[in-house]
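Two complexes follow with chain A in common, the first pairing it with chain B and the second with chain C.
For the complex of A and B:
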């Protein structure tokens, strides 16, 4: 036994982990194979008979998993873009150009103490960030990212979006009330007043669009905007778009409507007493909200996944790897090599004495990979509808996200009474006017068409 | 768990600490000492206290304000001072005349040169010292630069308190350039300690002049670009207009000076009203505005930057040759007497009243600071406004807590 003990002690930590995990993994593998042999048929039958359920579970998992990197990306975008607007350098230490800083922030938030102040209501205090986070994540389920890529195609998708999106204010209110802090309370009440007020113009501004589209399913609204960019709803509902964008900014608590966490007034609003991952949930929820609001604006008004133009000629790519056969093998084996050498040669020749052989090869390798990547993406773009759709959708969404960041870098904050005035005296009448004009126009056109 | 009575916080007896809940209540633990205190610390229906500061993201320095709120509306407020009190006046009485100057430096740390200038002027009057003309010009030149730095920073803080992130960093660029320039002249970035009794410490040098030339060639553009971000911004202008209005009579009654007074329409500027140094030889206007609100105070400071640039330009053109320091003995014992001197700083009147008893230390030295005076009128301006505006009003008065608490 001593020999075994000594050998065990001499192992490094990864070694110990591997030695412990290996037998377990082998047993698990056998069990899996056995399980598939014995139960595979019935389980597959069950799954195939309940495809919508499987699809839903997979969609929820993917949506939950994608929110975190999305939030990381938007946080990094905001840090870097605002820094450039402020004539600062911004994050530049962690990762290339500081791009991993938000990931590190996430880790830091995980490791911090989760503090509950004395006097706070612990249950409400704990669940408030969860409610806010889930409310914003759940709305992602109905957003169609590309043809065939969506969580669930509800026929009342838009209604679902507003209903669930409005729930996030409950979390903020819970946080504000349970913190036992007057600043938090003020922030929670502000958020309640603000979100409830802006919910109305937000919803009314898209009613005109619903009349035009004749559906509330986001997928169908997206399909109706195919063709040239003039088919986008923003050109048929410009006022609606404007109202929707402003109200959405207020819904997402972004500058200039970020009164709920106005740091120069009420410290951090509802999040004053939060620390650690609970604060992280609020923080993530805010940035996921920015993404969602941008995505919804794109879906409704800016043509969803559709490209702004149509190819004047028909382009088709026959993507059948089986038909290529030996050529495919050559493509994958030889082309990268040739491309690497082809890119490395000019670097080596033009680089002068300072560029050594390996540098040229490395540069050539990178360039060749970039070129191949571009070719593959290009082929996929033409060949698969969902690739082009996803690219266009995300591109447009991140342009809008940039707009939000841009506003944050430029504008000061409005006051609470100005905020309320703006919602009730300007946005609400304007959205009603938009609705009225749209309805009247539809009636007139229908009657003209009928006669 | 035994219920412990509310007890006074150790560092501030006016903060009671409820040990069981760990909650600060901003009500003093003792019975009210004055009628005003009794009135303020009695809550009406639907009112609540909120304790703003001393650790709040946007109080300028360590100021504590107890706000009595009705919802979001400020009903009344009680500023609590003294968190930064260092007893500068007493320190000055225990230092000789040269040493006293450096104690006054960190009072208003954003505009140190003016803090030096007032006591230096008073001591010179006390000792009948004639300052060389070149030294006077250098004083005017460097202090006007400091005024621009201070006003530039004001712009940034003003915007930051209204929620704008960018202007503060743009104005810090302005300030950094000026501060670097002054650092090459004086050797310090913030607390310059440059003025001496009878002159200044060191002549203009090459690095200062080249930095100044670089900056002057782009200063107007740079300042205008910073202004353009705010002056044409609808949100900013709408929030500032009509906010914290104070009329001329009240402003005079509250002894306001400087830009805050001139924003109510009184063209009072010590550089013209009670001229000192070489200001009678220089051409500049005294900008005034009649509205007396935050926007007027903000725009007035922006106008003053332009006038300061004019003064700097003239200083550079008229700079005479000669010594920068009068010939004086190292240990100075003025005759017993009193002297008073005031200078126009970026926030208003800085003045010093010095008494000599014939020794080498001032017997008594009183420092009048505009920030302290202006902070008094906050109580007249804020009630009726919303909690969001408290910081904006405070920022528009531009108080520096180092000067308030002395």
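For the complex of A and C:
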């Protein structure tokens, strides 16, 4: 046994990993720096000359990447909120308050056998979840999350949204058709019937809003709702909002219209034969759909990124830390120390004999970090429009997501004939009425204004 | 359907939102082991001491206390002289009482469904003849029968069922529905007497009712034997 062998065997597992990875990382870091120095200028030039392409690639990557944690978060919300409404505790083992349970679920799905039934059409069978998932994810490209933060400001954004969102039906039908299972096929047809039926009132309920806004660009629709919350379109199109919300619930296959999935009754309909990550994609697509539908409702009716109120006075933050020069470094070094001591002092003085010095210091450190974080977020909120916009947008969206979960915790499932009756006999006439009334009101208003 | 559409949905949503904030009922089992419920007794088991002999001393207290008679014991007494089984018989009698039966969920024996003693059916037949064997007059038939026998013997009910063609269950239902009809002689049951002692108005009322019935039957029909009307302690009481 050589010396090298013996030394290697004496290393623990983390030691082996670090021993192997560290040199590789050092070499990679040097190579990256060298590459940036040598090729940085030309590459940046190339990228800046093809900004739309760069923007598209970055947007698609970010959108694809953000759907995964979003789905995890919404799955966790669903488990936890419904549990709390059932007087249970819900997930509480993995991570803080069980928040990593959905991640563990994702890993579990990844590890499961990816099974293709005999007789299935393997190509269509494999592509069906991809189509469904991508149809959901691609709609995110036109959603304006904050001023300046959107994938692409299409002037036909809303039309694009409905067109691409409607593609998910194709995925469902593909899944049902290629499974070589009559129950899957029936489930696929059922869900296609439902989604196609609700597509019509969903789209029609927005036409009144398009007439009012005069544009189909989601970005401009969002800009038109700035000001107080009374400027939001929900107050100018209440019936439209109601129809849109109900139809969107059906469109996202959520309770009380989740006949296609109906976990408690049928074996997930079109997804009967799916397992492993291919099923996981359907599952993910469902929860991404919830987020997307909520985001679109917020964008169209609930003021998008606009805050519901305006500051009565103008608040501006004019910080120029660069002006401090070398003192900035001293500030960075000293301020955390001073803040920690400042927060630790009252704990130590008020705590009495039971609080030891290190406890007070730890508490002071945590409190100081919280205070600094709050200050930073506050400054960012005031100073950067996109930060406040993003906070408001995500806040409203997750309130709507909570509403969807809340509905799932409350409402029973409707029957398939009630579902179809409701779409064709109630929602469609109501959305047409909304459209005609809105159009008539606009005509009257315009003529009065002109005369 | 309520007047305002969607009101039920709103109510349900409000309910779930209230539940959302209420304290939770989950017991975190492995960490938090609650005491068993007050009446929990676990599994019944004969325990051995460290020398391998039974800890049971055959004192029968458990068997006596058991409300559902699931403990049955037999064995030698503590000195190993006499074979004992079931303990002292007199302590078990009270477990057969109707209140104990009801308390422990067992079926309470009903004289109407037990083997019954034969009676002199001529009086029932006479009453049935009077009413033309018509089951539509069941209440009058039963009342006249009670006047004739002092109570409603099971044999008379069977006879009525046989002759009128009415179901026995229907007759029994009619008879058990009315408070003034009884299946036992008036003072045969100690319980009835105790109840009557506690409730003199009801006893008075029932006595007056019996008298009125006897009078009405006597006046209206005249065939009923007044001597047997309301005779206490009829010898043909059903055998329990």
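As a working rule, the second predicted complex is superposed on the first by the 390 of 451 C-alpha atoms of A that agree within 3 Å, B and C clash if a C-alpha of one lies under 4 Å from a C-alpha of the other, contacts with A are read in each partner's own complex, and residues count from 1 in each chain.
Keep this in mind: contacts are C-beta pairs under 8 Å (C-beta built on N, C-alpha and C of every residue); 3 or more make two chains touch, one makes a residue touch a chain.
Keep in mind that this is a model prediction, so the values were computed, not measured.
K.L.:
In the superposed arrangement, which partner chain does A:118 touch: chain B (first), chain C (second), both, or neither?
P.N.:
first
K.L.:
Does chain B (first) or chain C (second) touch A:407, or do both, or does neither?
P.N.:
It touches chain C, and chain B stays clear.
K.L.:
In the superposed arrangement, which partner chain does A:180 touch: chain B (first), chain C (second), both, or neither?
P.N.:
A:180 sits against chain B, while chain C stays out of touch.
K.L.:
Determine, under the contact definition given at the top, whether A:85 touches first (chain B), second (chain C), both, or neither.
P.N.:
Both partners.
K.L.:
Going by the touch definition up top, name the partner, chain B or chain C, that contacts more of chain A.
P.N.:
Looking at chain A, the partner in contact with more of its residues is B.
K.L.:
Examine A:258 and indicate which partner it touches, taking first as chain B and second as chain C; both and neither are also allowed.
P.N.:
first
K.L.:
Where on chain A do chain B and chain C both make contact?
P.N.:
Common interface on chain A, chain B vs chain C: 85-88, 409-411.
K.L.:
Tell me, which parts of chain A touch chain B in their complex?
P.N.:
82, 85-88, 117-119, 180, 182-183, 186, 190, 255-256, 258-259, 262-267, 408-418
K.L.:
Could you list, by residue number, the parts of chain A that touch chain C in their complex?
P.N.:
Residues in contact with chain C: 81, 84-89, 406-407, 409-411.
K.L.:
State the interface residues of chain B toward chain A in the complex, per the touch definition above.
P.N.:
Going through chain B, the ones touching chain A are 21-23, 48, 50, 56-58, 72, 159-166, 169-170, 173, 229-230, 233, 235-236, 238-239, 386-391.
K.L.:
Where on chain C does chain A make contact in their complex?
P.N.:
Interface residues on chain C, with respect to chain A: 9, 12-13, 15-17, 19-20, 22, 24-26, 28.
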